[in-house]
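As C-alpha cells, here come the structures.
After this come two complexes, each holding subunit A, first together with subunit B and then together with subunit C.
Showing the complex of A and B:
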C-alpha cells in the first residue's frame, strides 16, 4: 500500500502499517533532530493533542467576562476581584481569544496542519496516477474474504469480475496476461475520500484566514442615535464605542451619514408575551457620500443596511427624556434629550444630567425614568415598557461635578466624589419627581428642572467585516470536503481465480477479498453482494476477453 | 383551534408521551429480563447436550426456551410500537407548541421547547436506525434517557408559550436550530453507544459477554457509534459554523463573537474532530476515542442546558425570562470609562 507511508505518523489505516524503519540509537544529529521534531509536530498524535488543548484553552473565555464581548461586565468583575485582577490581566484572561497562549496553540495546529497536508497532497497526486496495487499473495489473510468454486474457466471468472467491478466504478489494475498477477483482478475506488479530506483541512486554513482578515482590517462600533435628532456621520469620533482591528485606519471609514426619522414598534398588551415588543422598525435616511442623493431604508432587526463595505444593524432602543435645567439666574444651563439606559425588560431606565455651567452652583441629576409610572404596594414601578405615564425621579447634586478635572467621564455616570447632595429644609436630599410637562423649583434659589417630553433612541451597531465571504466560503468547502471524507468509502477488491484439481473433481477456485480503509463499514453485505454478482451468469463469453 | 387549545393539546400530548415512554421502558426492561432467562436456558441446554445427558430433558428445555424467546420477541415488538406511539405524541406536542404561538412559529423559543425537541430527535433517530443497525438492544437506555429528560423538562423547565423575540425571528434561525437539534439528538445516540462500548470493555469485552446478551460485539459497537457520529458531525458543522454565524451576522453584526454559547459549540466541535482523529490514530482507537465521544456529549449537553446558569452575558438568552431583553441594549455604550462608580 504505497500511500500508507504518506499518512502522518501515528495514523492507522486499515491494517496497521509497520513502523517505517527504526532509527538507530545514538544517531541524533542536528538535522536528525530537526527532522524528528518536524515528524512529531506533524504527527497525528500531536494534531490530536493540539485539538484537545484548543478545546481546553477555549473554556476560560466562557467563564471569565471578555473585554470584546462585554467590557462593562469586565470592569464590574475587576472591581469585585481586586486581588485576582492583576494575575488575570497578566495571563490575558480577559481577552482569551487574542492571548499569546491561545494563539500559540492554534498557530501550532496550523503549522502541523500544513506540514500534514502538503506532503499528503503530493502523495495523493501520485496515487491518482498509480495503478491499484498488486494482489496480495494470500487473500485469506485479509479480514474480509470469501471463496467459492465454480465450473467456469478462470479467465471467464476474471473477465466477469472486471465487468462487475468496472460497473461499480472501480479502477482496475491493467491486466498482466503473463505476469504474476495474471490469475487475479485488482481494483480500487473511493479516491474522492482523500480529496475530500484534503479539501476539508485546507478549508480550515481558509476559514482562519478569512477570520483573521476580519479581525485585522475590520471594526465594530456602536452608537446611540436619537430619533429625529442629529444625523450620524461615520467617523471615529461619532461612535460611543469603537473596536477597530489593528490594521484598520481612520481613512477606512466609509463616508456615509444617516438620520433616524422615525422608530416604530408594536408592544404586545396581552397574552403571555405581554410587555414585549416586536416589529421594531427604524426609518433611516442616508447618504453614501456627503454630496449624494438621500436614500431611505427601513432598518429592522435581522435586516441590516449595507452601505459600501459597512453594515448597519439595529440592535437596541430606549428613551431619552428631554430635560431642561434653569439655573439660579434663570438662564438655561442644560436642555435637550438625555439618553437613559434601560436596566431591565420593563424599560425602567437610568440616566444622568450634568449642568456644570449652572450658576451660582453646578447642578447634577441622577435618576430613573419610569415609562408607565404607578405607585404599587409602596414601590414606584413601571407597569408597562411603553410610554404611558412617563415619570422621571432624580436625585439632585450640586457643588463640583468633577468635570473640570480633565479626567474623562462617562455621560452615564455622575461623579459624586466631590459633589454634594442638594438638601432641602429637612436636610434630606432633594428628589425631583416629574411627569411630562411639569417643572420643579430647586431649593435655595438654585434654579428649576423641567421634564419636557421623551424622545426615543435606537442603538445601532456598525461594522466592517472584510473577509467574511472568505470565511463563509471556507466553511462551506470544509463541509463539502467533510462529506466526501466521511461518506466515501475507499475500497480495494481482489479477485483471484485458479484451477484446482481436488479429490472431488476439478473446478475453479475463486477467492474474493475486500479491504475498506475507512474502517467504518460493515463489509459482509458488500462482499455478499459482490459474490452474488460474480456468480450470476456472465454476459460476455469468456473468449472475448484478453 | 385557538391558541390556548393548541397549548393545552401540547401539554396533554407531552404528558401522554411521557406515560407511553415509561410503559415502553417497562416493556423493554421486561424483554431484557426475559432475554436473560433465555440466555441462561440456552447455556444449560448446551451444557447438557455437551455432557450427552438424556434427550427427553433437552427437548423439554427447548420448548420452554422457545416460549421464552417468543415472549421476549413479542415484548420487543410491543416496546417498539409503544415507542412509536410515544414519539408520535411527542411530535404532536411540538407541533402544538408551534401552533399555540401567535404568530405560529418553530417550537424552540426557550429551554423547555429546546429540550423537548432534542429528546424528540433522540427517539426519532433511534427509531430510524433501529432496523438498519439492529439497535433494539439499546431501547431501555434510550427510553430511560428520554423519559428522564422529558420529566426534567416538564417539571423544571416548563414555560408558557410566548412569542419569539424579534432577533430569533429569522429563517436562518430555523435552519440553525433544526440542524443543531438534529445533531444533538444524533450525538446523544452516539454517546450512548460509546458509553455502552466502554462499559462492555471494562467488563472484559466480548469474551466475558453474558450468554444471550444482545449487546453487540465491541467492534460493532465502535463501528455503529462511529457511523452515528459521522452523521452528526457534518450536521453540527453546518449548524454552528455556517448557519449560526450567518444568523448572528444578520442579528448582531458579528458572525462570531466568542459568546459563551458559541465558545461551547466550538469546543464541542473541536472535541468531536478530535474523536474522528482519534479513531485514526495509533494508540487512541477504541477506548480513548470512546472517551472523547463522551467528553463531546458532555460539552454538548452542558452547552444545551448548563451554560445558561453560568454565564449572564450570553446573547443566546433563551434561558429563563431573559427572552424579552434581547433587544435592550446589550453592551452598554462605554465611551470613556463607564466602570462601576
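Showing the complex of A and C:
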C-alpha cells in the first residue's frame, strides 16, 4: 500500500487493487447483486410468499365477474359500477388470469421453484450416493441412546445389528474391518422424505405448466343456443364470448356442430325451493365432423359432452320470445325468437328487437319478458319463473338505431342515442304490452308488433383445456410428495459393541443411539423395539446353535 | 440447467403476451371485432374444393360445385351483424358489376324472415344458402367473424379470404380479377 501511495496520482500499474472502483463497504457489484437477487428469488420464503400471493391474486377472479367466464355478467357489472369500472379495467380485474401482474407472480413463482429444486436435486443425488455418516465417538451424548451388556462377541452383535437394521430397510455404512468404525454399525433411512419434498415442488411446477398449456393452447367460450333453432357450428365466429389462448388459432376449433332439439326443465312449485329448477336437460344432436352421422346426447349440468378434445357444458337457460315486427308496407321487418337475458332468479328477462330494415322507419323495441305476469300492488311482476302467463312489455323506438354507424353493436343493447322514442297521440312513449298471440298496431302507420310465443334457449360453455390431465397428474403427485415429506422420518441409528472387562466379569457392552432428523418424535419405543430385536433372536451362526 | 430455466421462462412469458395469435377474444364486448383483413392463398397452397350446398332463402337447392369453372364470391353474413350492413351496398354493386357468381351463406340467423328483410332493404338478388352448418366445409378457412367473404377459384378452392366488412368494391374487384387470371 505504501508503494501505491507513493506513486503520482492517477498512475496505475495493471488493474487497480480495488476492482469495485472505490466502493464503500456494504455496496454490491453487479455480479453480487445478481447473485443476491437470485438467492432471494429462489429462497423457500420467497416461494411461499409467491404461492400465497398467487392464491390472493386469484380472489378477485372469483369475486369480480370475469370476461372469459361470463362476459354478460361483466357488462352488467360495468353498467352498475360506472365509477369503479375504469379503475378495474386498468388493473385488469375483469380478466385476472391474463393480467400482467398475475403473470408476473406466476412466472416469478416458476423461476423461484426451478431455482430451488435444481440445486436441491443435486444435493439429494449426492446424499443418495453418500454413505451413512461415521459413528460419533460418544453415543451417550445423543438424546436417544441406551446400552446393555451381553455375552456375545462384538462381531456377532454387529452382525445381528446389520441384519436387524437391514430388515428394517436401513441403509448401512460399508463395514470397515480395520478402520476406526470397525466396532460399530452406522445406518440411515428416510431418504424418501426429501424425495417427497422434491416431488412436491416439482408437482407444483407440473400443475403450473398444465394450466399454462391449457391457457396457451386452449380456449373457453360461451354461447346461447336456441332450442329448435339453427345448429351451433364450432367456429370462432359462432361464440357470443370467446377467450382463446395465445397459441390457439382460428383453425384449431374441432369442426363439430350440434343442435338443441329439446329442453326439459322441472320447476319446484312448493317448499322452500319453490321457483327453482330441479333438473334441466337438453337433448342435443351432434356431428363430430361435417358429414358424419348424427349422434344424440342428453346434456345436463355437470354432465358435459366431450367431442374430440372439446367439452360442452350446459350452464344456463332462458327464454326467447318469438316476436314479429311488420313495417308500414306490411312486410315482415323482423321475426323469430329473440334471446332475452334473465335479470334475476324469477327469470324476468330483458331483451331488444332491432328491425333496421323496417320501412318507412326503422323500429326498435326494448323491454321485459314476464314469464308469469301479474300486476301486484301497482307493479308488474312475474309470479313464477315458468311460462305461465308470458307477457312482453317493450318501449318502442324509431329513427336511427345506430346500426349504420359502422361500429359493431351488441345484439342485447339498443343504441338509443340517435333513436327517437315512438310517441302516441298524447306524446307518451309507446309501450307495447302483449300476451302470447296478441298483436299491437304502432301509431303513425309504422306497422305492428306480434308476440307469437316463447322458445327456450340454453347457454353452453365450450372449452378445450389440453393441459388439464397434466394439471391433475401434478395434483396427484403433489399429494404423494406431501405424504412422503410429512410421514417419512429420516433417522440414523448407530450400534457400537465393545469388549469390556469389568469388576463383575467380562462381556460385550452394546450402545445403541438414535437420531431423528425431523425432530419432535418420541423415539423411546423405537429404541426399545430395536434393542429388543437385537437381544432376542439368536445371533450366533447356525452351526453353533445346533 | 440454465437453458432449461430459460426455456421455462420463455414459455411462461408467452402466456403473458396474449393476443399475439391473430385470433382475438371477445374482450370487453359481447361481439367480435376482428378488423378486416385479406388473406390470399397461392394457387399451389390452396386446399381442396369447397363442398357447400344447401337450401336458399327462396327454397331452391344450390350446390357450389355447379358453379365451378368461374370465380365464386361467397359471403358469410347475418342480418343481426352490423358490419354486414356496412358492406351490403358494396356487395350488391360488386355482384352486378364483377364477372363472378355471388352466393351468400347466412350465419347465426334466428329466422329466414330477417335475412329476407335484410335482402329486401339492400336489394340483394344473389342467392343465400341458409344451412349454417355448411361453414364447416370451409375447413381451415372457417370464418373468424361475420362477415367473411371468400373468393373461390374456377376449381372451387378458396383463393382469398376477406375477414370483416368489404368496404370498397375496388378491393374485391382486384382480388376477383387476380383469381380469375389464375393468380
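Here is the rule we use: the second predicted complex is superposed on the first by the 358 of 546 C-alpha atoms of A that agree within 3 Å, B and C clash if a C-alpha of one lies under 4 Å from a C-alpha of the other, contacts with A are read in each partner's own complex, and residues count from 1 in each chain.
Rule of thumb we're sticking to: contacts are C-beta pairs under 8 Å (C-beta built on N, C-alpha and C of every residue); 3 or more make two chains touch, one makes a residue touch a chain.
The shown structure was predicted, so the numbers you read here are calculated from the model rather than taken from an experiment.
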Would you sort A:65 into first (subunit B), second (subunit C), both or neither based on which partner it touches? first
Touch check for A:421: first (subunit B), second (subunit C), both, or neither? neither
In the superposed arrangement, does A:453 touch subunit B (first), subunit C (second), both or neither? neither
Between subunit B and subunit C, whom does A:250 touch in the aligned arrangement: first, second, both, or neither? second
Answer with first, second, both or neither: which of subunit B and subunit C does A:240 touch in the superposed model? both
So, A:136: does it touch subunit B (first), subunit C (second), both, or neither? neither
Between subunit B (first) and subunit C (second), which, if any, makes contact with A:408: first, second, both or neither? both
Looking at A:380, would you say it contacts subunit B, subunit C, both, or neither? Reply first, second, both or neither. neither
Looking at the overlay, what does A:79 touch: subunit B (first), subunit C (second), both, or neither? first
Per the definitions at the top, what is the overlap between the subunit A residues touching subunit B and those touching subunit C? 68, 71-72, 75, 239-241, 408-412
Over in the complex, which subunit A residues touch subunit C? Could you list them? 67-68, 71-72, 74-75, 89, 94-95, 98, 100, 103-104, 106-107, 110-111, 114-115, 118, 209, 212, 215-216, 226, 229-231, 233-251, 253, 255, 257, 287, 289-290, 320, 324, 331-338, 354-359, 403-412
Under the touch definition given earlier, write down the residues of subunit B that touch subunit A in their complex. 3, 102, 160-163, 165-167, 169-170, 220, 223, 226-227, 230, 233-234, 237-238, 241-242, 245-247, 249-260, 263-264, 266-267, 270-271, 273-274, 276-285, 299, 307, 310-313, 321, 323-325, 327-341
Per the touch rule above, subunit C residues touching subunit A in the complex are 1, 4-5, 8-9, 11-33, 76, 79-83, 85-86, 107-111, 113-114, 116-118, 120-121, 132-137, 139-146, 148, 165
Quick check on the complex: what are the subunit A residues that touch subunit B? 10-13, 16, 44-45, 47-48, 51-52, 54-55, 58-59, 61-63, 65-66, 68-73, 75-76, 78-79, 96-97, 207, 211, 220, 222-224, 239-241, 268, 271-273, 275-280, 301-304, 311, 313, 315-318, 341-342, 344-345, 347, 408-416, 459, 461-463, 465, 468, 471-472, 475-476, 478-479, 482-483, 486-487, 519-522
